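After this come two complexes, each holding chain A, first together with chain B and then together with chain C.
And then the complex of A and B:
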């Protein structure tokens, strides 16, 4: 079964603006979906210095999809969609 | 002292159970212009706040007199004359042990009323070249012992208060007279045999902890142990901030190759440069994320060292060393850096000077200090409060 990879930025800006809360994502997911996400804390995704991406905190899903102004709820929603086959 | 050598002086203390202040005092002083390193340990009469004051007065006066090269008998007399007289015992009293390490490899130890010092070269005890007792005409019941010894690289001097040598006294059948100096000597030799390069910090802590453990049911007397150890400095390096010019990235990253136990990479962008230039990866354990406390978690970089967030973590470390807070209780990332700082003698900061654009976001608190000013204050606090040698290089 394929896993969804979630990279959470732990850089200063993202951390201050709330990325720490997203680290709880695994325990916040419904039991059936737990174990199907691969969570990784990254020192810095280097996204905050790029303009027009929407603002910190940033999360990257499956290497390519960038979530700006990420919240636990928002990332959970997106991860659930991906796991349930809605994209 | 040879500039390639470092004298590590550390102490460990336990306060008598039930007392608000420790009745022993330990102070260190480095006289840069003369390349001298001084330590003073004093045990004030009784315990608690009164003893604390007596001991503090003694160490501050003794270090002042020692620094100004006053004859020690005269110094001891002034100290005795100055101490307030105890209402109960009708004497003004505090013991002391002074260690004076001078250029040329000579150590001078002066003692009054404290347990005899221990001088070890590896596990072998070293006897002084000169050892004499002098008696004050003014205070005939006080004897001052003056010793001179060769102090070579690898040598250690241990000073203790009687809370260490008398630990267990009257409580254990096998220690009718307590742990005694001979017990401390044997213990130190065993520890050094197990770990020949044990730091002063670890050895003084081990001796104080053992003294505490010998007397079950709380600390019976103030316990203090000072260890001075002459060795080649242990160097650690802290890399923080991206270099101003990108073409310096690779040179900068190579500064991180000093050995895993000695390197800290502070900052997300810095960690990215290290990853890119050295072909390594920062790994953060999931379990560590939950125990990180109020700072972002600590990552490990195989073959390089540890990686933490930048300015928040450094600011936390700065406040801990400025206030000399105990390392325990700090968030994991700050504790990891503080632990490393305490284990090393020479701390090299390698600072990238590029301004972090993302910190200019209006959503970020204004208090976020500039990296350079945090490091400058850290260097001052490390030198002043912990006697570290600090260097700062900019990229």
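And then the complex of A and C:
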């Protein structure tokens, strides 16, 4: 079964602007999906630079998809979509 | 707690640090309000112009200027910045007590344009009212202020005393009390709306506990920052020593030692845990307590490390003055340790507390940064705490000292110290865990002897400093 990879930026900018809360995603996901996400706390993803902070906190999904102004709810929704899409 | 107001404050802080480091703050600062609220973007208040005006005041507060001080509304942020940079350069030559420090005297400020002027608190009936048959609201009201008109309860405000009995009587939660969050949060009635309907702080009453700052949903209460003073002192190459409060535990990712390393990477010449000062506070506080007990076995001594409590006693509870311990706070001991080893060092207390800014000023500590401000410096300088190698410390501070920032922490430390000296020693200790109107009344009872204890720990923030107004969590 495919897994969704979620990289949460824990660089100081993203951390101050809300990434700490997104780290709760594991426990917030419904039981059935829990084993199917791979969650990683990452040091600064260097995105805060590129967009002049405009979108921190950042989350990267499956290496390529970048979620700006990420929230726990938003990331959960996207992850669920991806998992249900591929299942 | 992170919300849209905190987010904006933090974003502004990080932008400020980055622009300062790039040497473009002076050109950029007046643009920030426009960059953040360009005309094609949605506004968070009535319009982008209102948003921009509030952002300008926020930036002023970050420069350490309060909205109350403003005399010329057309004055640019750049010109304030020039003034701050000038005065911080001179203050570094003459030490504390100069004009720039005077300005920081009141650590809080209310930004009029951000204040929503919340309507006075009232008890009102809402459409949840079903006009029921039993009418518990009518029967519960001691003032006959409620009648049912057209199938809905109605409250006569000229009679209502806001006792709230109807609120608890109604099974439909149809009656609510509207609030003015800042006024409700203030334990000492120091914040009120003025005749223009805008909140105003009475600085003669204010104890700088920061509760209004946390409570205002419009972010209208602002803290006057010293961050630019710190950044420019660093730039001038002054020896700044970061004194990190015990409350820093778990505020940032990583350990305290990693946070200390991050501080030194950020440009502090040296870093020290305030918990080392807390060890001294413990020893002296215990000695003072035992002495007091000896001369009067019925003594009541309260702690003194919470500066908002010390302000409270000084301004509102004169009967308690003699009971407050004379032992200096951990910050003061740490400051003395730093100055003892290098009289030229500038001290920067880093913590979660608004009131510490007033204590620091009295005690000659050069600067205070909040965790948020430290975080902004780290973020601005792209330093991740998690990727820092732990800072080598001679020895970690005692666990009891590191625990000072949690409620009961001081009590446990003193008890621990005393039992070390006198086996079997016991304390008749009590705690005031959070200053609010109710606990203020309790404090008066302690002062008059109606409530008894020999050791009373008082913390303005419930749970201790770890839940301070400027904590990150």
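The rule is simple: the second predicted complex is superposed on the first by the 82 of 87 C-alpha atoms of A that agree within 3 Å, B and C clash if a C-alpha of one lies under 4 Å from a C-alpha of the other, contacts with A are read in each partner's own complex, and residues count from 1 in each chain.
The definition used in the following text is that a residue touches a chain if its C-beta (ideal position, glycine included) is under 8 Å from a C-beta of that chain, and two chains touch if they have at least 3 such contacts.
Keep in mind it's a predicted model, so treat the numbers as computed, not measured.
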| item | value |
| --- | --- |
| Partners on chain A (chain B, chain C) - clash or fit | clash |
| Chain A residues touched by each partner, larger count belonging to chain B or chain C | B |
| Contacts of A:29 with chain B and chain C, given as first, second, both or neither | neither |
| A:13 touches, of chain B and chain C: first, second, both or neither? | both |
| Which of chain B and chain C A:44 touches, first, second, both or neither | both |
| Which of chain B and chain C A:21 touches, first, second, both or neither | second |
| Of the stretches 41-49, 131-139, 239-247 or 437-445 belonging to chain C, the one that collides with chain B | 239-247 |
| Footprint overlap on chain A, comparing chain B with chain C | 10-13, 15-17, 20, 41, 43-44, 48-49, 56 |
| Residue ranges of chain B in contact with chain A within the complex | 267-272, 275, 282, 284, 286, 289-290, 292, 296-297, 299, 307, 309-312, 356-359, 361, 363-365, 368 |
| In the complex, chain A residues that touch chain C | 10-13, 15-18, 20-21, 41, 43-44, 48-49, 53, 56 |
| Touching residues on chain A, where the partner in the complex is chain B | 9-13, 15-17, 20, 23, 26, 39-44, 46, 48-49, 55-56 |
| Chain C residues within the chain A interface of the complex | 2, 7, 10-11, 14-15, 18, 252-253, 372, 375-376, 378-379, 382-387, 472-473 |
